[in-house]
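Below are structures written as structure tokens.
Shared between the two complexes below is chain A, which pairs with chain B and chain C, respectively.
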Partner chain A sequence: MKIYDGGKILLGLIVFVGLAAFPFLYNAGKAAAKPDPKTDTPVIQEMAEKKCVEPKEFMRAGHMQMLNNWRDSVVRDGMRVYVSNTGSRHDMSLQNTCMNCHSNKKKFCDECHNYMAVKPYCWDCHIAPKEKES
Partner chain B sequence: MRALVPLIAVIALVLLVFAGVQTANMQFLFGVVIPYAAIAIFIAGFVLRVLKWGSAPVPFRIPTTCGQQKSLPWIKQNKVENPSGTLGVIVRMALEVLVFRSLFRNLKSESRDGGQKVTYGSEKLLWLAGLAFHWSFLIIFVRHFRFFMQDVPSVLKMVEGMDSFLQMGVPLFYMTDAVLLGAVTYLLFRRFYLPQIKYISLAADYFPLFLILGIGISGVLMRYIYKVHIVGVKQLAMGLVTLNPAIPEGGIGVVFYIHLFLICALLAYFPFSKLMHMGGVFLSPTRNLSNNSREKRHINPWNYPVHVHTYEEYENDFRDKMKAAGIPVEKE
Partner chain C sequence: MSINRREFIRIAGISTILGLGGSVIADKLGAASEVLPNEKALKGKHWGMAIDVGKLKTDADYRKCIDACHDIHNVPDIGNPKEEVKWIWTESYEHTFPGLESKFMSESVEHKPFMVLCNHCENPACARVCPTKATYKRNDGLVMQDMHRCIGCRFCMAACPFGARSFNWRDPRPFIKKEKENKEYPTRMKGVVEKCTFCFERLAKGLKPACVEASGGAIVFGDLEDPDSEIREVLRTRYTLRRKAELGTGPSIYYVIGGGEHA
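Showing the complex of A and B:
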């Protein structure tokens, strides 16, 4: 099979294969590290029953929407009490409720957010907890 | 009917992966085996298709009439529309690929007064929808590279930041999601609505549209409504691209597998479909050949070796008769 303008065709195909296989070429020889969020803060360790306001699976997928709803509820309607699915009541507050237990922002929040290249704008307004560099 | 079969095919694909993951637990098949196979088919099929095209000679330049060809020095040449060198060809091709310049010239024709009169008008909606669709698809594609790179480069974060800068909802709403779905819906509906377009539309036109619509809808549902274990998605993706694939513990969510499987279907279907215009646009003879027919002789490689009866031979055959009739000859 004779290829006409073989040089140009080949050049184009090399560019195509390079682009199409870019994720494989870029990661060749690298090991994928996975995030490991820590829940070993002093407050959590003292808890008799280690559980969040909602089940872990729900929080993992939906925490951002919950926080968004909390903000709307507190800022716009002045409603500060969250009633969970199990009936327990919590103060709707990022700093006083969430960060009370999860005081390790770097090892808890940032671990997955950095991995996923997500930059939540919580800390545009809220004050991030002071942490010792570990 | 020609739209119904592709629609049923896409629904069948969704049901297949739903059943495979939800009831038969075939995560490894749909998460690892099929993606690898789809990528292999995509790359190999694409290369073979381009090589097949490359084996066809394109001997003659095809000047298009939308620009003045290079001729006499006092006639101004249109260097982009009718280029005579490589630079002009590159500019023309870039305009074609990036802003669909020839589609911008698209006209619509209508018969008026009971077919007595034909009128032509500008038709920019197709160009606009096509441009919106392709560019948002590209941005969405680029955005997805955050799943394939351990440390996401800042340029990707910038693209994502601009795409979500309206800061609507959480997770932040991407503008390109809406633009893509809107444009694909328009491109689909025009095939239903415009009678001429409906007449020429085939199953191969509807199938990619339904498939891309399915990919877009499943992606939007996954991001905004039926949440999946997103860190697990990146773990799976990183496992695939580091050739160390593993299904993350705890499962990901069936919407993700639907999204992934439809993309795999698109990749595997790509080399055999009209979607090959991605590579083909660079091989369009009216776009990629400089119009230098007046400077250079292009010879057709498949010309049959025809014996040409030259004037010299003609004169040799008929010299006596020509002289007798008083016709001047070159050789006495």
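Showing the complex of A and C:
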């Protein structure tokens, strides 16, 4: 069997496979740095008991559902106060409550979001706290 | 094992009752965290405004109200009238009350600017056409705009007879002055429609809308359903107009027209 222009086709295939596989080969064996979110903001440092509105494990796994529920109850139902499982009361506001403590958006939010390649559109409208460029 | 019909119905009935009861108990257990309204929030059944046009005299009076609103809500100043974003602004008599012009009119009315904003209609055309329910009527009569749901179709802008809605043709952030930016209120993004929200975020804290506060008594805000409210007292004693009331949308903004020092 004869392949017309076989040399060119094979060369082209090799170049294509090489290019397509390059990102995988280039990064093979190198683990991306594990995200390391920080909670060392001035407001949190001053808290006697360093606690979020709900336990850390719940917040880590479910903050996105919680923020969605908060948004709906504030904007749609006019409910603005969150009473947590431990009975503490909080004003439901991403911009004014969450970010008041977690004023380090880059090290707290973006750290994991970038690692997981999720792009929440909160900050298209909500104003992020001011941070030093690093 | 065989089962007759009587037996089957009994088991089905018992399990239904148990199931219903069980779900109630489960709800009770799951409701350890709850959401409540702010106790300080102003309560009303139908918020409305009466704007005393006689009390707004100079340009500075209007500017105060407009700036108070636009600064608090991070409304951008784009400069180009085609892309203008506005929540509250001034309009000439014939644009405010079309059809009510006369050939010979009181000069004080004819050349006066009128403060206009979203009318928070009783029967809002914008809410009716919104395909995502981004704009909707709340139980307190306020026509709300949920920026999270707006898809920017602009049906509401076509429907609104008052031109109270603005579209964000571009990202508004660069047009909000950094030193004026209110860090407690969000901005908007490109591609959403915005309008006056009767300061729903201030009502929830027990404060009256920003323009009412800045007007120094020229704008009266209150519950139209409450016969003892200040606004109803104004409407009882003064002659008022509403914008394009003949369209049947039921505007909640009243304009107190003409003199009335003794009223």
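One rule holds in what follows: the second predicted complex is superposed on the first by the 106 of 134 C-alpha atoms of A that agree within 3 Å, B and C clash if a C-alpha of one lies under 4 Å from a C-alpha of the other, contacts with A are read in each partner's own complex, and residues count from 1 in each chain.
By our rule, a contact is a pair of C-beta atoms (placed from the backbone, for glycine too) under 8 Å apart; a residue touches a chain by one contact, two chains touch by 3 or more.
Small disclaimer: the values here were computed from a predicted structure and weren't measured.
Participant: Looking at A:L13 after the superposition, I want to know if it touches chain B, chain C, both of them or none. Which is it: first, second, both, neither?
Facilitator: Once the two structures are laid over each other on A, A:L13 reaches chain B alone.
Participant: Look at the residues of chain A and decide whether chain B or chain C touches more of them.
Facilitator: B
Participant: So, does A:R80 touch the first partner chain B, the second partner chain C, both, or neither?
Facilitator: It touches chain C, and chain B stays clear.
Participant: Would you sort A:T39 into first (chain B), second (chain C), both or neither based on which partner it touches?
Facilitator: Once the two structures are laid over each other on A, A:T39 reaches no partner at all.
Participant: Is A:S103 touching anything from chain B or chain C once the two structures are fitted on A? First, second, both or neither.
Facilitator: Neither partner.
Participant: So, does A:Q95 touch the first partner chain B, the second partner chain C, both, or neither?
Facilitator: After superposing on A, A:Q95 lies in contact with chain C but is clear of chain B.
Participant: Where on chain A do chain B and chain C both make contact?
Facilitator: Chain A residues touching both partners: 121.
Participant: List the residues on chain A that touch chain C in their complex, please.
Facilitator: Spelled out, the residues of chain A in touch with chain C are 54, 71, 73, 75-85, 91-92, 95-96, 121, 124-127, 129.
Participant: Taking the touch rule as given, give the residues of chain C at its contact with chain A in the complex, in rising order.
Facilitator: Within the complex, chain C contacts chain A at residues 32-38, 41, 74, 138, 144, 146-148, 181, 183-189, 200, 204.
Participant: Under the definition above, what is the set of chain B residues touching chain A in their complex?
Facilitator: 39, 42-43, 46-47, 50-51, 54-58, 145-146, 148-150, 152, 156-157, 160-161, 167, 169-171, 227-231, 234-235, 238-239, 241-244, 253, 279, 282, 301
Participant: Give the list of chain A residues in touch with chain B in this complex.
Facilitator: Chain A residues touching chain B: 1-6, 9, 12-13, 16-17, 20-21, 23-24, 26-28, 30-35, 60-62, 64-65, 67-68, 112, 115-119, 121.
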